[in-house]
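In what comes next, chain A is part of two complexes: it sits with chain B in the first one and with chain C in the second one.
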Partner chain A sequence: MSAYLAFTKKELIESVRTYKLLVLLGVFLLLGMMSPLFAKFMPEILKSVDFGGMELTAPEPTAMDSWTQFFKNVGQIGLLALVIASAGIMANELSKGTLVNILTKGMKRHTVILSKLTVAALIWAASYMLCLAAAYGYTAYFWDMGELRHRFLAFFSPWLLGLFLIQLLILGGTLFKTFIGSLMLTGGVVVAMSLLNIIPKLQRYNPISLCGDNTALMTGVKDVSDFLPAAIICALLVVMLTAASVVAFDRKQM
Partner chain B sequence: MDVLNAINLSKSFGTEKVIDGLTFSVPEGSIFGFIGKNGAGKTTTMKMALGLIPADGGEIAVCGERVAFGRTDANRHIGYLPDVPEFYGYMRPKEYLKLCGEITGMDSTRIKARSDELLCLVGLSDANKKIGGFSRGMKQRLGIVQALLNEPKLLICDEPTSALDPVGRKEILGILRQVKDRTTVIFSTHILSDVERICDRIAVLDKGKIALSGTLAELRAQYRADEFVVEFATMEENNQFSALIKPTEQTETSATFRTRDMRGTQARVLAILSQNDLLPLRLEVIEPTIENLFMEVIL
Partner chain C sequence: MEELIKYLPLLIPYAAIELGLLAAALIHIFTHKTYRKGNRALWVILSFVQIIGPVLYFAIGRNDE
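Moving on, here comes the complex of A and B:
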């Protein structure tokens, strides 16, 4: 336990001193602010641009437009930033050899994995919550929020998807020992899941759909049963990937 | 008691058999020089002892505890200094040592006391910048500190001096000699003068096996002097001398004798010298160096 705490503390210090925490908080704060602002001022932007005499009019924006922007931004730029910032989480240490000193001190290998997952999950949670708070604040300021149905599930789902990606990066880094290997595995899985998502029947089981039609869940167009299976599968996959990473790391020659 | 015991160890990488039936033991309190050519399998053997890579066959025990690949339990007896120790560059030395200490379950007062003591020993007391800005030699010294932090019974150093300048090497060897009283030291190297300077026991690794092992004194006695050199100032003197007694080898101004009967040969040479009024520049019995032994066993 003391080893877990010590290494977790080291991971936190690392994220601060290598500016990973700062960059992620910054990016997500920006995304959180951008989403409602973009939704609010889109019609005016469209109005001011000259499309060669053709006039484009957009309907009066609503709070839901803001949330649509929010989930789109988080799901695309946000997750991409998260993946790039976290891709070295295991790979950097293995390729540099910094874990050799630590492991030969008697630290259990699985503790390394759990510790890294803990801190990455916390940083992701903090970044995402900052993003959500900013988006929520601006949206509430510009519009009447109205009723947001199943808001916990709707807002929690993207975080869960992000956690899945982080654990994929940990497994990739453990298996391939390189930043690129880590990214390739994660990218490969995301592409595969996106392809699967073309099949409508599979969408409700596919973790990638956890950051897509979340506004439909809040407006009641979609139901909890359209999201919950994917969320449960995603959570199970996180657990399985963690176990796989532990097993892979136990067998890794250093 | 033996701190480390390796029995019939073997390890291949692909089709290449690096370690082949390796058996050796390291008694407590020794400085054990682990010698071999580059690629002889020194690092591989050490990593197997640390459970960092699996052995294909045989077993290793550290302080009586069997080492298993991927498990780190036996490592609590060991301090390890890799050939190129890697640290977290964004940390300061004391922060890093605190992390190491906490991992091994030391309490904070002891970590503080040991860190100060060891940093002073290696001359890093005043180095408070981030490790990222350390020189190679400083990293090597910090590596020794982290390895010794929790007072391990066994210190394993992988070529600790290979990459250092002469001053740095001398310092590292001095530190190793100082810790000898409390810790058994295994250190691998291919620099034979380092071995002669501090080791009391050596093993030469060649073709995956121990080609030669024992205490330095034993080995010196076993491969006793059998070479005797007489050197003259001029070639004429040398020729005159060599005409009277045939040397094994002759150069311009020196004659070398290789013999089992060192005393008899010396007596005869001295008699001839005095009878013929020949004054040599130098008379020397050649002691076998570790280098000679090393060359002899691996070639």
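Moving on, here comes the complex of A and C:
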């Protein structure tokens, strides 16, 4: 336990010194503010651009447009930034060999995986909560929010998807020991899940749909039963990938 | 346009963080001579890519020394 705490602390300090924490907090705060601003000013921007005499009018934006933007931004640029910033999570240390010393001194290998997962999950949670708080504040300022149904599930789902991607990066880094290997595995899985998402029947089981139509859940167009299976499967996959990473790391020659 | 000016105080924090990220990347680029991947010119150009640029630099280009 003390090894776990010590290594977790080291990971936290590392994330500060490598600017990872700062960059992710900045990026997600930006995305959080961007979504409502974009929804609010889109009609203005369309009006001010001259389309050669053609009149383009957009309907008066609502709070739901802001949330649609929010889930789109988090799901695309946000997760991309998270993946790029976290891709070196195992690979950086494995390629430099900085783990050899502490592992030969008796620290358990699963401690490394669990510590790294803990810190990455905490940083991701802090960034995402900052993003959500900014989006919530701006949206509440611009519009009457109305009733948001199932808001916990709707807002929690993207975080769970991000956690899944982080754990994929850890597994990729453990298996291939390189930054690119981590990215390739994660990218490959995301592409595969996106392709599977074309099949409507599979959507409610597919983790990738956790950051997509979340506004439909909040307006009541979709129901909890459309999201919960995917969330449960995603959580199970995180646990399974963690176990797989531990096993893979145990067998790896340093 | 009036709308934009009316909401300027809300736009300023956005611009400030955007520029902050860019500045952090540029300062780091110009105070370091070596990069893990790429060279100075590449990173200066890339850091102007909105949002993703600085993330890419700190993840791939930044060298420890």
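Keep this in mind: the second predicted complex is superposed on the first by the 254 of 254 C-alpha atoms of A that agree within 3 Å, B and C clash if a C-alpha of one lies under 4 Å from a C-alpha of the other, contacts with A are read in each partner's own complex, and residues count from 1 in each chain.
Just so it is clear, a contact is a pair of C-beta atoms (placed from the backbone, for glycine too) under 8 Å apart; a residue touches a chain by one contact, two chains touch by 3 or more.
This is a predicted model, so every value here is computed, not measured.
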{"item": "Side-by-side fit of chain B and chain C on chain A, or clash", "value": "fit"}
{"item": "Contacts of A:Y141 with chain B and chain C, given as first, second, both or neither", "value": "second"}
{"item": "Which superposed partner A:T18 touches (first chain B, second chain C, both, neither)", "value": "both"}
{"item": "First, second, both or neither for A:L103, with chain B first and chain C second", "value": "first"}
{"item": "Chain B, chain C and vertex chain A (Cα centres) - angle in steps of 10°", "value": "80"}
{"item": "Touched partner set for A:A3, first chain B, second chain C, both or neither", "value": "first"}
{"item": "Chain B versus chain C as contact partner of A:K72, first or second or both or neither", "value": "neither"}
{"item": "First (chain B), second (chain C), both or neither touched by A:G26", "value": "second"}
{"item": "Least Cα gap, in Å, left between chain B and chain C after the two complexes are fitted on chain A", "value": "5"}
{"item": "Shared contact residues on chain A - chain B and chain C", "value": "18"}
{"item": "Of chain A, residues touching chain B in the complex", "value": "2-3, 5-7, 9-10, 13-14, 17-18, 96-98, 100-109, 250-254"}
{"item": "Contacting residues of chain C [partner chain A, same complex]", "value": "1, 3-4, 7, 10-11, 13-14, 17-18, 20-21, 24, 28, 51-52, 54-56, 58-60, 62"}
{"item": "Residues of chain B that touch chain A when the two form their complex", "value": "47, 50, 52-54, 70, 72-73, 75-76, 78-80, 82, 84-88, 90-91, 95, 99-100, 102-105, 143, 146, 150"}
{"item": "Residues of chain A touching chain C in the complex", "value": "18-20, 22-24, 26-27, 29-31, 33-34, 37, 40-41, 44, 48, 77, 80-81, 84-85, 87-88, 138, 141, 179"}
